[in-house]
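Let me give you the structure first, and then I'll get to my questions.
Order of writing sets the labels: A, B and C. Residues in every chain begin at 1.
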Amino acid sequence: MLEALLELKKVSKSFPGVQALKEVDFQLYPGEVVALCGANGAGKSTAASIIAGIYPHDAGEILIRGKPVQLTTPKVAEQHGVGIVYQEPTLVARMTVVENIFLGKELTNKYGKLDFKKMKQEAEKTLEALGFDLDVNRKVSTLTMVEREATEIAKAVLLNPHILILDEVTAPLNQKEVDHLFEVIRNLKKQNIGMIFISHKLNECIEISDRVVVFRNGENVAELDCTKNITEKDIITPMLGIDIKGDLHDVVKEGHAAEEKEVLLHVDNFSDEENFSGMSFTLHKNEVLGFAGLKGAGITELMFALQGTIPHTGGKMYVHSKEVNPRTPYEGIKAGIGMVTHDRHKEGLALSLDVKSNISVSSLDMLLTKLGFVNERKLDERSEEYVRKLEIKTPSLYQLVANLSGGNQQKIVIAKWLLRSLDIIIVDEPTRGVDIKAKSEIFKLLLEQKAEGKGVIAFSPECRELLSICDRILVVSQGKIVDEVLRGSPQFNEPSLLEIIHSA
Amino acid sequence: MCVPAPFQVRVRQTEGIPVEKENPAALQTLSPASSGKSKLQLHRIVTSSQFIVLCLLIIVWIVGSITAPAMLQRDNLINVIRGSAITGMFALAATLVLLVGEIDLSLGSTMVFALIIGSKLYGVTSDIVMIIATLVAGALLGLFNGIVITVFKVKSLMATLGTMSLFGGLAYFLSSGKVALFYQAPNYLWMGKGMILGIPVPVVFSVVIFVVLFIFLHLTKFGKEVYFTGANPLAAWMSGVNIKRIKLIIFVLAGLFATLGGLFQSALLNEVGPSYGAGGYEMTGLSIAIFGGTSMAGGKGSILSTALAAITFQLLLNVLTLSGLGTYMEQVFKGLFLIIIVISFQNLERKRYAKL
Amino acid sequence: MNNKQVKQVLGDNMLLIIIILLVAMGALFTDSFLTLYNIKNLLYSMTVYGFLALGQSMVMLVSELNLTQGSLLSFAPTFAMFLTSKILGLTGRNILVGGNYITGGLVLYMVLAILVGMLVGFLMGIIIVKFNVSSLVVTLGMMYTLGGGVFFLFNGYSLYLNRLEGAKWLGTAELFSIPVSFVLFALVSGILIWAMKYTKLGRRIYATGGNERAATYAGINTKKWKVIAFAISGTLASIAGLIYSSRVESVDPVQGTGYQMFALAIAVVGGVSMEGGRGTLVGTLMATAIVALIFNVMSLFNLFSWYQTMFIGAIILIAAIQQAYNRKSLV
């Protein structure tokens, strides 16, 4: 029986107001990849942070190679052979690759002078061993996402850790890049390094790991053996603690035949200088139109251009057959278009303000009294109305938005546009950072809007989400529309869609 | 060019939407939202920071009346209240700018340059025209700041550091380094020394202005947009708020009010000189605004608190002066006051402070 | 060389080109520019501004600001003299003679001045990192505090050093016709630039300013390095103060007023960004030369000092607009 590289015995950790980890048991063996899955707040990142030495645990024991250790600081954890690639990038953009790899661990000669030559050699060696070919003297700001991930990984493995934690490292990558990364992980496995793979993408977890450990509410609730043909449902059930009836993504019961529907938005030869060109499509009433493609295909830019956040240089847009030319978000809103962006904290909400302020901000001019003041009573009524309609869970209208969960925050952004009765709603990654429960609620919400006669344009990097709510999906590659797939057609499934996306 | 920088980055890397911690409070009460209370929601407006300032005001009053009984004399109190009106104008300007998430370090230089411009009309036109010209100049200088910040997209810290020097130097240039005296401008002097029904003119003007601004900030669309712009300018813009217009208006108002405060002061002294911009007015305004609970991150603060804070500050200064604080030490006190206030009230959450 | 290449070369060496142009203009348009006397003046002002600008650059590189540079120029020597006279007074020796002439304590004064500068910088740094507050606001407050305090020490009177033996050496002595103070400046800058490039100091400072979170995760004690940057800037400011006082043979409470703006403008022109982690000390040195040249020419045309203030304000605005244009943000 192999000795465990890392073992957590009844480890607990609490923060003010919340018990993040409750007597967690966990083992990691050499040469294995263990996926750590769980809903947001389940404790995965907390566990990872504790192992990496970012903060200490409150109770329980941590053993490395059978010996109890106190991982008080990142440096101590490093000394015990722990490496971690963080979820958020930890690179200094204006420094070079080699400077970043050696950040905090620079090599010097005996007089204290930096040994540039040696550091360059070591950096190149490490990257090569990982299977990456990179000029280490390039500034990080010039690198692509994959190259940055490569640098982060090189940084983490520089000191030859036995234990490597990978926190959401595949999030910014497309499929090809993920495949490359998995090759790297398999190489590391051969070197007997034990890895903890944290990810929301359950299919990836199943593909790359030997075991899947599921956390829920700070507890280790399930361990699944990947050699035994498990499915995502097997992971989701313990994650949520309830039994999901049927396939989560079959939210839409009936399909929509291609009827004659009123045209809400018509886009003709729409393009901007860099990111997309020749886009022509139509959005109808009572329709959810999906866009599928890789990140960087130009979809997000297209959506911003439609709403007026960024300018477009060519083509025309018609809303209700009238030509519009939104050059600011305000003009887009005036044209009836609202967008829920993929970063609600930065672009959708004022976190330090309350629910009421956030819901009403775009509609203030519609809620004025005769004297020109804001009609507070009406504001209250309408805000309450939408909080109820969208089932936003908040103790009051005056709760600070920062204190709400991701799903509720996302609903507030949607409510903001609904309050203004916009006809066209664009959603970019509508369920990002939203837990599973709220995900289905948001899908339901979008479909309700469709039923009420609105038009929804949706983008999601996960094909399944699009397949579950869209009537039609346009596949975009390198700034051009390459295909259209209708609900009910034989290609309206994930494998076919993925094939279209990747072969374009 | 094309896709502006933040969006380029956005598409290519995952932003850290921070790891969620389910908030127990948010989940427990699954009841439908409860509505707000009274029509004006007065209880929202009276916040804890006002309570703190009020307590401090009472403390200073009590301690002051014991250690410096001269404080309670009628003439002294009139001076204090008049002084509060003057510093209050600077504090108001600072508050407005902070509310939209910006900062204005040029208030002192704007004030003095505008006053010097107005002083050039002394003897040339009526003193009422002088007053108006001075205020218009102050507003235009504020507009200049606003344009640099909104049109040229310069961060307000840098922009106002630049205009602080530029306007300060221009004040010297225009006045050739000399002090201007106004003994023959009765209306102008009335602005500082006069009384309306026994209340000093600056106080009357300030109260009116504060009330008007209070109404604007809490009851109008403009006011709500000001708060939202300060809380998250990008989200505000993407929600359809015209943040350019709002910031421009705010900076014009800031320049105007700072100049008005300076006008009161110079009317009291019968003169204005180019060195008058260096007294730390912008710093004092900033410290009073923060003292009153205005947040440097934007989107949080109240006119009422600022007014109370201005009175408390002025009273405190008065007590210290009566107790023997010399002129030089006054400046030391003001500087230390800012440092202490900031330490007590403004512990930064660094993430929100990119601009500072 | 085609058009694009020419633009590239121009862009990379912009500062140097400006220096050459300015020297050429100065030589052409005034006859006193190229005199030995004027060149020495130029070097001397480069020294004073340069120390301040280097200090400001170090602080800006860790994404902070230090507005106390100017007031330290008067506070450090004044407070040092204050302490010196008190200490020596304890031993029964009175160095402050009627009419505010200083007659002794030179070495002690100089050592104390540097210590005062270092301590004020250190104190600023500690307050800023310990309480996690805005350096702009704290140094702004300290600037006025020091500015008022310096008047308080000797009741606003200047102290005269012309009766103090050796007092004017630092500011006026020459080595083969080059001012000793400039040699000192060159030496200190050289050491600082070397340390920033070839030792951990540079890596730490640039990381702290470039991405504080990343630096912390890499195990770097960013708080420590911020304090170090502030301490360095305070020390350099006090050295500049000593040089200044030595040259004019007096310690005035108003010397250095407004100099922090010059230091800031120079740093910005030299390419140091207020956001941190961006810019080089070499750029700062070149910008020091540029600003010193411009001021020098201004003085040859007998322009009043407020032209300098206006000019600095304009420079800050122009540099800021240019930086903003390059940043291309949305709002």
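By our rule, a residue touches a chain if its C-beta (ideal position, glycine included) is under 8 Å from a C-beta of that chain, and two chains touch if they have at least 3 such contacts.
No experiment lies behind these values; they were computed from the predicted model shown.
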Considering only which chains touch which, how would you classify the arrangement: line, ring, star, complete or other?
complete
Comparing B-C with A-C, the busier interface by C-beta pairs is B-C
Quick check: how many Å separate the C-alpha centres of chain A and chain B?
41
Please work out the Cα centroid separation of chain A and chain C, and write it as a whole number of Å.
47
Gap in Å, rounded to a whole number, between the CA centres of chain C and chain B:
31
For chain A, what residues touch not just one other chain but two or more?
88-89, 309
Find every residue in chain B that makes contact with two or more other chains and list them.
1, 4, 7, 234, 237
On chain C, where are the residues touching two or more other chains?
330
Taking the complex as given, what residues does chain B use to touch chain A?
1-4, 7, 10-27, 29-36, 39-41, 44, 219-221, 224-225, 227-228, 231-232, 234-242, 297, 299-300
For a test of understanding, state which residues of chain B touch chain C in their complex under the given definition.
1, 4-7, 103, 105, 148, 152-155, 157-159, 161-170, 172-173, 177, 233-234, 237, 243, 274, 278, 280, 283, 286-287, 296, 326, 328-339, 342-343, 346-348, 350, 353-354, 356
For chain A, which residues are in contact with chain C within the complex?
73-75, 78, 86, 88-95, 99-100, 103-106, 108, 112-114, 155, 309
Chain B contact footprint on chain A (complex, rising order):
15, 17-18, 20, 40-41, 45, 87-89, 144-145, 148, 168, 171-172, 272-275, 295-296, 300-301, 304, 309-310, 328-330, 333-334, 339, 341-353, 355-357, 360-362, 364-365, 368, 372-374, 376-377, 380-381, 383-384, 387-388, 392-399, 403-406, 408, 416, 432-433, 435
Along chain C, where are the residues that touch chain A in the complex?
198-200, 203, 206-207, 210-211, 213-215, 217-220, 277-278, 330
